[in-house]
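Below is the structure I would like to discuss, written out as structure tokens.
Naming follows writing order (A, B and C), and every chain is counted from residue 1.
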Amino acid sequence: MKFRLLACLSALAMTAGLSACGSSDSSGSSGGSEELTVWVMKDSVTDSYLDRFAADFEKRHSGTVLDIQIQEWEGISQKITSALASNDAPDVIEVGNTQVAQYAESGGVRDLTGKVGELKGEDWLPGLAEPGRTDGKQYGIPWYAANRVVVYNKDLFEKADIDAAAIKTRDQWTEASAKLNSGGTQGIYLPGQSWHVLAGFIWDEGGDLAVRSGGTWKGSLHTPEALRGMDFYRELQSHGKGPKDADEAEPPQAEVMGEGNVAQMISAPGVARAAVESNPELEGKLGFFPIPGKSADKPGTVFLGGSDLVIPETSAHPDLAYQVVKALAGDKWQTELATTMSYVPNRASLSGALKGTEGAKEMAEAAPGGRATPNSPQWTAVEANNPIKAYQTRVLTGGDAKSAAKEASESIGKTLNAKSS
Amino acid sequence: MTATVRKNPVVESPPRPPRRRPLPSVPRRIAGLWPYLLVAPTVLGAAFLLAYPVLRNLLISFQYFGMRELIRGGAGFAGWDNYREILGDTEFWEVVRRTFVWTAVNVVLIMVLATLVALMLQRLGRRMRMLVMSGLVLAWATPHIAATTVFQWLFQSQMGVVNWVLVRIGFDSFEGYTWFAHGNSTFAILVVLVVWQSVPFAAITLHAALVTVPEEIYESARTEGASAARIFRSLTLPMLRPIFGLVLCLEVIWVFRCFAQIWAVSQGGPNGATTTLPVYAFQVAQSLHRYDLAAAASTITVLLLVTVLIAYFRQMYKQEAEL
Amino acid sequence: MSAATGTRPGRPHTLTGPGAAAAHGGTGRKAQAKRRHGRVRLRRRLRRLPLTVTALVVLLCSVFPVYWMVLTAFKPTGDIQSETPVFLPTSLTLEHFSTAVRADGFWIFWRNSLTVTLGGVLLALIVAVGAAFAVARMRWKGRRGFLLMVFIAQVAPWEAMLIPIYIISRDTGMLDRLSMLTLIYFMITLPFTIVTLRSFLTGIPVELEEAARVDGCTRAQAFRRVTFPLLAPGLLATSLFGFITAWNEFAFANMLIIKNQDDRTLPVWLSSFSNVFGTDWGATMAASTLFALPVLILFLVLQKRVATGMTGGAVKG
């Protein structure tokens, strides 16, 4: 054991020495190969994208090997925390935009303020750049943004004689879903715990998940507006067989869609690609439309999701890690991200790349009205033990909405107001 | 140093027949060192991986220790703040209450069922007994995670076999019933799971204790006209008592501390309906990153468990004294 | 003690057996005797019926989940998803097993689990034999204190020590290492192993050892040649318990293996299988079956010894 420790220490010293003399440009070490670990979230980008990126990066930085590891969303906060606290963290980590603040505050993430200019940061999407900033310092580098649209099965719509383009309001939407939901077909696959979708409906009604007044947070799921949002969710959910006690990850809804008997699902356009991957017969048969709003003139409000990239303080190869971030956030791979995954690129000037990609137009239509979760570093704690999901399930399985909402609101308020030590 | 001052422990041993003479071939002092050498690895291991973590945990419970402190160090002293915070939290007391209910329900069910199964095993023919025992062993040996997965599959709402059977025998309301959406039904499933996993051990152990009673004693009691109930009360029960107590204590420990199954099935949900103390501590630490509060909660958990089991420890200690 | 379990000679209630009935009937009237014989047997069967039914119910309850797991693993996907569950296999397929086995890294995780578990259990056995011997056969100052410590260690709140142990591993450079997991599993199983082995040792008459020593063996030799073989069933039983505990362990494996994903163990991997296999219950059950397999086989093969071992340990407690 002692020997191990020694070996470790000397290895550490060696790498420190290496990175100290390595230039910030191109490959740091010309000698033995360096392994960089990159954590990417499950379903964020396709395997083929990652493979191409890794091959390209390794070619440009000879002697480097990229070990890209896919992480599950479940328990991710524990995982990232223990990684940040370790002495040899992964070199680059993808972090949900709402979660960067928490890690940045903890001091485990490298300050990249000095690189903002080089990365053309003046042009970043505010929805990604702002959460990545704490106390005027930039910790998270924007990677991509996406919001939810309705993905539909063209064949099933045709069979039911429904024109997707004509669905502009909630009423039309539920009517169509009800009509589609017959025989072996599910009108819409909406898992009971898709809380981001619910958030959109609540925002549409003028409600919110939590509001802050005078320094204290209050959960607001029990307000009449929010209850109306839930009511619509329940109606929509009933036009399919989405499990009432699970979210979109379990089972992965792309696979459910891939089974071919689901007329619609609500997801980022990229997920449709995963559905096609699981069932190639669906190639070209999936279409998109923005989530309908209350009236025809305005699409539904959506949660603006996305990811930032961070470099842990204890990364053994900070310079190479920065090269990875730079490449992923740079023009080439951003454009590729937009065209293959239909994500919104991290810079407004690149959004031209989205033209002509399926699903992107619909996503862009809704993006201006996009909203974020309540702006508190404690919000991740709410998500980690999500009372909104429990609330949804209770309502969908016949519980009293008002009292369930009240309880969930209290739970949210309590978590948000807990002092973070 | 101490070893030289101390009298040879062998010589010092209580007045028993002098079985163990010091070996003539080995110098006395070394012979006296032997037991210490033999337990040294245990003590060292326990110091590094048990005592030190427990102390560290205790220390954390008196510090402000969140994500920042875990990553960067430098935790400040908090005094009794964490204990005050957790003991003043109504949710905590709710969890404590639930933990006791959880333990009581499970342990009672386990002990009653196990005793009945053990008594049944005793009356079965040899072949049938082996068959049932094999079945019990099968259930016992199934790893927790595998068992948990199987139970989730059994109770699955759409294709689960339990719903199908319930609908088939006339409970139509169970068509597509989502078991894991309701607090009470999730709690019930977890109880079934834990009882299913625990009864075999208890039953087999109790049965083994039962068969140590010579059959002749039962025979003579029967010929003397004792009723079955009486035989059970005044013969079987006293015979079972010590082992029954031991199994009971082990089950209390295991059920009280049960974590993996609950976490895998429900993560303490829905709506906290299955959050017992270990789950609570885990949530506070891993979701809220309040390691200090979690440490305080687990310290309290240990104190509670030890209080419950104090009788067990006392007896263990007494038995040792007699040996 | 050990001979008492499972191999109990004779059955209860032999007084009303067929032999007794036959003795009543004369030798000449065979038919009548036979009829009577049959009636008695029938009556006996009827009387035992509730018992037999209960036994079958217990058997069903304990076996069904395991049966269902294995069956699902072998069923074609169509049968799994059918509206009416298929209780008896119509056709079997290995498709799910091949899905599970081909899943990324399955064999690596399987091997990791086995290494860590066996390592921890063996280490615990070796250390525990020494400690148990010291406690059961020797008199020394601090013996009672030591035993008390071992008893208390059995209630150690392992889940609560995740963070401290994480910190310790980090500060000693043991994060992301299977050897650290091995050490932890060793420590988790050790107290129980010591307690059980001690009971076994106290059950083995010390005179045997002494006789050997009179015959000229050293203490170590006496232990090795006389006591150790008698201890074997105890070792077996305790190691099985250690095995299943370590084989199951999830929280530490999940917390301490961070960057070296190839060092993950089966429980950690299996806990995320919903993400690996999605809606594929067949593959999930196949993976679970493969996970349970080593333990099930060990238990079934060693069943009698396990039961005996448990009693040996527990009764003496």
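The criterion applied here is as follows: a contact is a pair of C-beta atoms (placed from the backbone, for glycine too) under 8 Å apart; a residue touches a chain by one contact, two chains touch by 3 or more.
Bear in mind the structure is a predicted one, so any value in this text is a computation, not a measurement.
Asks: If each chain is a node and each touching pair an edge, is that a line, ring, star, complete or other?
Replies: Shape of the chain contacts: complete, all pairs touching.
Asks: Could you see whether B-C or A-C has the larger number of C-beta contact pairs?
Replies: Taking the two pairs in turn, the one with more contacts turns out to be B-C.
Asks: Just the number, please: Cα centre separation of chain A and chain B in whole Å.
Replies: That gives a centre separation of 41 Å.
Asks: Would you kindly tell me how far, in whole Å, the mean C-alpha position of chain C lies from that of chain B?
Replies: Centre separation, chain B to chain C: 16 Å.
Asks: Starting from the mean Cα coordinates of chain A and chain C, work out the distance between those two points in Å.
Replies: That gives a centre separation of 43 Å.
Asks: Could you tell me which residues belong to chain B and also touch two or more other chains?
Replies: 70
Asks: Using the touch definition from the top, which residues of chain A touch two or more other chains?
Replies: Answer for chain A, listing residues that touch two or more other chains: 75, 78, 85.
Asks: Spell out, as numbers or ranges, the residues of chain C touching 2 or more other chains.
Replies: Not one residue of chain C touches more than one other chain, so the list is empty.
Asks: Using the touch rule from the top, collect the residues of chain A that touch chain C in their complex.
Replies: So the residues of chain A touching chain C come out as 1, 4-5, 8-9, 37, 42, 69, 72, 74-75, 78-79, 82-83, 85-90, 249-252, 255-256.
Asks: For a test of understanding, state which residues of chain A touch chain B in their complex under the given definition.
Replies: By the definition above, chain A touches chain B via 75, 77-78, 81, 84-85, 102-103, 105-108, 192, 241, 243-245, 313, 381, 384-385, 387, 390-391, 393-394, 396-397, 407, 415, 418, 420-421.
Asks: Spell out the residues on chain C that touch chain B in their complex, using ranges where they run on.
Replies: 1, 4-6, 8, 10-12, 51-52, 54-55, 58-59, 61-63, 65-66, 68-69, 72, 80-81, 84-85, 127-128, 130-131, 133-135, 137-141, 143-144, 146-165, 167-168, 183-184, 186-187, 190, 194, 202, 206, 210, 218-219, 244, 247-248, 250-251, 267, 270-271, 273, 281, 284-285, 288-289, 291-292, 295-296, 298-300, 303, 306-308, 310-311, 314-315, 317
Asks: Contact residues on chain B for chain C in the complex?
Replies: Touch list, chain B to chain C: 6, 9-10, 12-14, 19-20, 23, 25, 32, 34-36, 38-39, 41-43, 45-46, 48-50, 52-54, 56-57, 60, 70, 117, 120, 122-126, 128, 130-147, 149-151, 153-154, 156, 159, 161, 164, 196, 199-201, 204-205, 207-209, 211-212, 215, 218, 242-243, 246-247, 253, 257, 259-260, 263-264, 278, 281-282, 285, 291, 294-295, 297-299, 301-302, 305-306, 309, 313, 316-317, 319-321, 323.
Asks: In their complex, what parts of chain C are in touch with chain A?
Replies: Residues 166, 170, 172-177, 179, 254-255, 258-259, 261, 272, 274-275, 278-279 of chain C touch chain A in their complex.
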